[in-house]
Amino acid sequence: MDLRYSKADEEFRAELRAWLEKEVPAHGSPPAISDWAKRRSYDTGWQRKLYEAGYAGINWPAEYGGRDASLTEQLVYYEEIARARAPYIGVNFVGILHGGPTLIAEGTPEQKARHVPYILNGEQIWCQGFSEPGAGSDLAALQTRAEKRGDHYLVNGQKIWCSFAHAADYCELLVRTDPDAPKHRGISWLILPMDADGIEIRPLRTLAGEGEFSEVFLNDVKVPIENRVGEENDGWRVTNVTLRFERGTAFASEMIQLQQYVRDLIDLSKRVERNGAPAWKDPELRRKIGHFSAELDALWAMVKLSVCQSSKTGVPGLGGSAIKLFYSELYQRIAEFGIELLGRARLSREDVAGLPSQALLQRAMQSLSLTIAAGSSQIQRNIISERILGLPKEPRP
Amino acid sequence: MDFQLSEDQESLQAGVRSFCDGHFPVETLRELEYRGYDAALWAELAELGVFNLRLAEAEGGIGLGTADAVIVFAELGRRLVPGPLVWTHLAAELVPGAGDGKTVVGGLDLCGAEREPLLVEHLADLDRLIVLRPDSVSCVDASALNAEPIEVPLDPLTPVHHLAELPEGESLGGTELAERLRLAGCTLASAQLLGLAEASHELAVEYAKGRKQFGRAIGSFQAVKHILADMFVRLEVARAAVYAAGATLDDPGVGDAARAAGSAKLVAGEAALQNARACIQVHGGMGYTWEVPVHYYLKRSWVLASVFGGAEEHAEALARCVELDARAPGTSL
Amino acid sequence: MDLRYSKADEEFRAELRAWLEKEVPAHGSPPAISDWAKRRSYDTGWQRKLYEAGYAGINWPAEYGGRDASLTEQLVYYEEIARARAPYIGVNFVGILHGGPTLIAEGTPEQKARHVPYILNGEQIWCQGFSEPGAGSDLAALQTRAEKRGDHYLVNGQKIWCSFAHAADYCELLVRTDPDAPKHRGISWLILPMDADGIEIRPLRTLAGEGEFSEVFLNDVKVPIENRVGEENDGWRVTNVTLRFERGTAFASEMIQLQQYVRDLIDLSKRVERNGAPAWKDPELRRKIGHFSAELDALWAMVKLSVCQSSKTGVPGLGGSAIKLFYSELYQRIAEFGIELLGRARLSREDVAGLPSQALLQRAMQSLSLTIAAGSSQIQRNIISERILGLPKEPRP
Amino acid sequence: MDFQLSEDQESLQAGVRSFCDGHFPVETLRELEYRGYDAALWAELAELGVFNLRLAEAEGGIGLGTADAVIVFAELGRRLVPGPLVWTHLAAELVPGAGDGKTVVGGLDLCGAEREPLLVEHLADLDRLIVLRPDSVSCVDASALNAEPIEVPLDPLTPVHHLAELPEGESLGGTELAERLRLAGCTLASAQLLGLAEASHELAVEYAKGRKQFGRAIGSFQAVKHILADMFVRLEVARAAVYAAGATLDDPGVGDAARAAGSAKLVAGEAALQNARACIQVHGGMGYTWEVPVHYYLKRSWVLASVFGGAEEHAEALARCVELDARAPGTSL
């Protein structure tokens, strides 16, 4: 039970920190949230720099150009990225964390050659086409149809919650290739070029007013058969290769940012007045912050425990659901606390009177998605109770 | 005692509900985004009696009580009716033209712990601004105010200006009036929060009945059912507290009005906020969109939670009430 | 929407209060919790006094000797009973609140004549024989068997959670008379004399160490057929007449006691020291108390709303489940707060250093039953969601 | 970094678990009610190394670290092993005979906010009593103490005496020692709380699998499942925090030991308490009996929550830690 990073880890940290201290300020501030062209170039520019410095694909195998870092090096990486407030992975998210790893695991040599290096260096942007209006928590109920027509599939249907669709070159697309099979057994995984004919992208406005997600309508879109990853009708298995990445260390940076956020709330509480004194003087407020801190430290220890477990067994720990569940609900509690602290300034989404309304409200609104996306809290509780605790499944209707 | 809605109150409720359902469908709210106020709709609200409801008949009002007003404001809250409704209603007795909707009145409550920054709701549409201080009530000409518009307000239906300075204004009264207005404002805001809690609950129940996943309506899953049951409980707790506050303001003989209003604000504020959050969760991804109106409920709840005293302030004041009450009177229980 | 008690209500209050002020101190302190003989005589003695003064059976019809009080008079009654800290209904609980009303509603003239007056005046004590080890939340799964043998039923089985069995003369007993019928349709409701042969009572120790409940074993117990209330196999309906009383104003006194309890906690918080000052000086503590108070006031308003509804419609409001659910969880939160306030004194179940450990720990432990008994919180949520909100039932296996 | 249990630690855990399962079945605990301590069992615990675990080999101890001790104390907590375990363990380096179980040592922590009344656990069985004050550690002859026995303690396995007065005693050290002992005591109590949270979780899961209502195991109902899932999360959060505290006390280079210990106490205390409550709820009526051991878990959790600093005290101290830490060091994260 050793929490000490190795000498090699600390050397990696020192080197990375020095690099980040130079490069982060040099990369400038992120563009406006709605300016997709600039966002793409900002995010891919950063990815390119990571790539050139050897920090891209931190968990990717070396043979695919990745860093192949140990799990503890990955923790160091996420700690330093968060500490340096480096650019968010942004439009590279789907490619680096889902698409690329899936191709590495399941793609043909040609598919790998065509995509993997360019995802890594930021040249290819991917989006995700999994969810549908009728297939959310029940993802396997997806209905987007792909009919085989000679050398291609003819795809018709509608996807929703496609992140970065506007900026993307390719989409990891789940389609139904056998409508008669049981629902998990008729799905295939396709590489959809986003410039194909018949694709219509409609931005989906989130409750925070942003357009990071889109609905994608597919009308007679032709996708070459060679773009299928894995066997026909085996896409559910291929998908689960991908889904697994969503429950690993992907939240690591966000967790450390949340620790920074709590420290920022302390600063704020010293500037905000309550009952004629700085809010920080209020013991209830301080205890809440102390409580958040205890939970965050425990969460980070939980990540380390889980990572060390994975590192030993080679498979992600089952505890990922517990981490995700706890993290997302804790985040929401902290974000709500931030709004309370703002007082009347909460009425403005712009900073006002020197108070950071913009960031705090943004966080509070975005946090609402955390208990929904990537397996809702209810789904996580089902997973924990059935897969970890071995409780009997509910009777099916 | 008849704590039920009277027949008159039931018709009042049905009337306002039907008006709001007709006049404030979600499409209208979308059109009102970043404006909030519409002169024609305001005139109709005035016609309905929203502003002069509690004004004596002799003064051209309807002469009803706070128990009736909470019913009306719960319906307004439920349909997210925007505008400085509470302040104009409070001003009916003080500012000529407020009661019949000719004068649009907003306000600033500077009595509580949450005063700064000086953000005024709906300022662009206001004629007059009422300012409550612990020992005074004053009225300011809204057009003369030096204020910066906030480009992106939290609630798209509640535009906000940041006031650089606040002129003295005309005095309307002292401590007693300030307390009375604040108590009524607190109660009516609680009623709006009750309406929001109800709207979130209704929307979530409806969605849970219709939305299917895993081959069943999601509302047949116990996990979802129990979320909805807890929403119902919060809603009914809030309803009881808000109705009680309304009745107590009308008849201080039945209890301590400040205590009733504070309790209502506290429980209705939580009900609105927690129900909006739960409604988002029940909706899954759709709850995270702008399209489904639950985000308006959440944002409005956040706004209303900050007016006429926040949760901490009321909780503290209530503790002092109970402390003073420690000799346990029988009838006020 | 009028919260003012009528002149008649207030007159009733004044008269009752005067009576209580005289009689409560005169009745003395309750005996030790384990002394059943003394408890029976203390509780029935109080019931007798209520009866003689015309306050027994506050909600019973006048033709059965009850007060037939309006619902608002009942509220006044519960308020005053709580305010005067009058003796708890104790061993009379089942007879007055369940057995008696069931007989009034469903009994034969003979059954009524034999029991109703004596329940009212405290001469007959009843206990409840509903739950079984295998039939808790799923009460209708009960297995205690009653076979018809000429003029009597031969009863075999086991009951659990029988309150006051030691002190009782009769038991309201649910038995299965048709094992082949669907589970709700083979149940009958019997009057079981507790001196019948073949009854064994074993005290059931609660986690608070008390013996208010028992297990009752029934071995070839003969119950005359004339002791059946309602038709054979119609006992589930008869039972529901009874169950309804558990969700009405039965908690009213306890709610007011809880308000008193919060005031007592204020007193305690002024005597307990935290960080070198009375705990009452801590704003977090005060806000918690203020918060409890708001919830309790809302709860009491909810009871009034529900009572006025019932009074108009003649049936108990559906809101009873919401009241029960909220009340029981709020009670537990307040009781836990009481333990925190005790600090180290919590280690003792006797009062120590002038701190009321005994009462606070008793309350905290007893409060644990509130979310379980009379329909657990989970069952209440099912009732609310299915019967009030109209959500679809779960698929049956 | 290898935050997993090492192979040695796994065998240690398995060994202590098997010992506790064998020696402290619920029947034994019932026999120990209102005594708690049994000399023969105490000797076996000493034999096992519970008291001299962290004592250097040169001093006759086993020479293991706090990371190992938390594993052992979690197992002791899980099986409700009674007695002044933590204090005697802490005393191993200070009081002759404590490490090998010959001298039974209890203690009083007078450093925190919750000091009064002076209640001493297991006093009747103590030889010596250690008293922690912010600036001193002293040791008192337990037999000479003027104390009233409490006839009915909260936890039937934790008998208590009320101390009328506390003699000066023999000085063992100052501030530094007091801080070190309190930190270790806090961490080991957290470990016991972790064990309690685990025991409640295990018991509830087992019951939910076996108990049938409505024709199904109650563990197949989503409402019950989700209670159990939340218990699991609380348990795993507590485990991570307690293990981290153990590792940090051994190697202050990986973080702030006080912060780690305080966090562990806070989250493990909540996990134990909430899991015990949830376990009772899952058991329904049976959870309310004396027969099912969950009430021991709840009562012990209430007891342990009050030792080595309560939740409020730790929360406040942690806030101060984070405040000082506001310049965000990289490695300590």
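By written order: A, B, C and D. Residues from 1 in each chain.
The working rule: contacts are C-beta pairs under 8 Å (C-beta built on N, C-alpha and C of every residue); 3 or more make two chains touch, one makes a residue touch a chain.
Predicted model, so just to flag it, every value in this text is computed and none were measured.
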Report the chain whose mean Cα position is at the greatest distance from that of chain A. C
For the pairs B-C and B-D, output the one whose chains share more C-beta pairs in contact. B-C
For chain B versus chain C, what separation do you get between their C-alpha means, in angstrom? 38
Using CA atom averages as chain centres, what separation in Å is found between chain A and chain C? 52
Using Cα averages as centroids, what's the distance between chain B and chain D in whole Å? 49
Calculate how many whole Å lie between the centre of chain C and the centre of chain D, each centre taken as the average of the chain's C-alpha atoms. 38
Shared interface positions of chain C, touching two or more other chains: 283-284, 287, 378, 381-382, 394-397
Could you check chain B for residues that touch two or more other chains and list them? 216, 220-224, 226, 312
Interfacial residue positions of chain B with respect to chain C in the complex: 1-6, 9, 67-68, 71, 205, 208-209, 216-217, 219-222, 224-226, 228-230, 232-233, 236-241, 243-244, 246-248, 251, 253-255, 259-260, 262-264, 266-267, 312, 314-323, 325-326, 328, 330-331, 333
Chain C-facing residues of chain A, complex: 282-284, 287, 394-397
Could you list, by residue number, the parts of chain A that touch chain D in their complex? 1-6, 9-10, 13, 17, 72, 75, 79-80, 83, 256, 259-260, 262-263, 266-267, 283, 286-291, 293-295, 297-302, 304-305, 307-309, 312, 319, 322, 325-326, 378, 380-382, 384-386, 388-395
State the interface residues of chain D toward chain C in the complex, per the touch definition above. 113-117, 119, 121, 150-155, 158, 160, 162, 212-216, 220-221, 223-224, 277, 280-281, 284-285, 287-291, 294-295, 298, 302-303, 306, 310-312
Chain B residues within the chain D interface of the complex: 221-223, 226
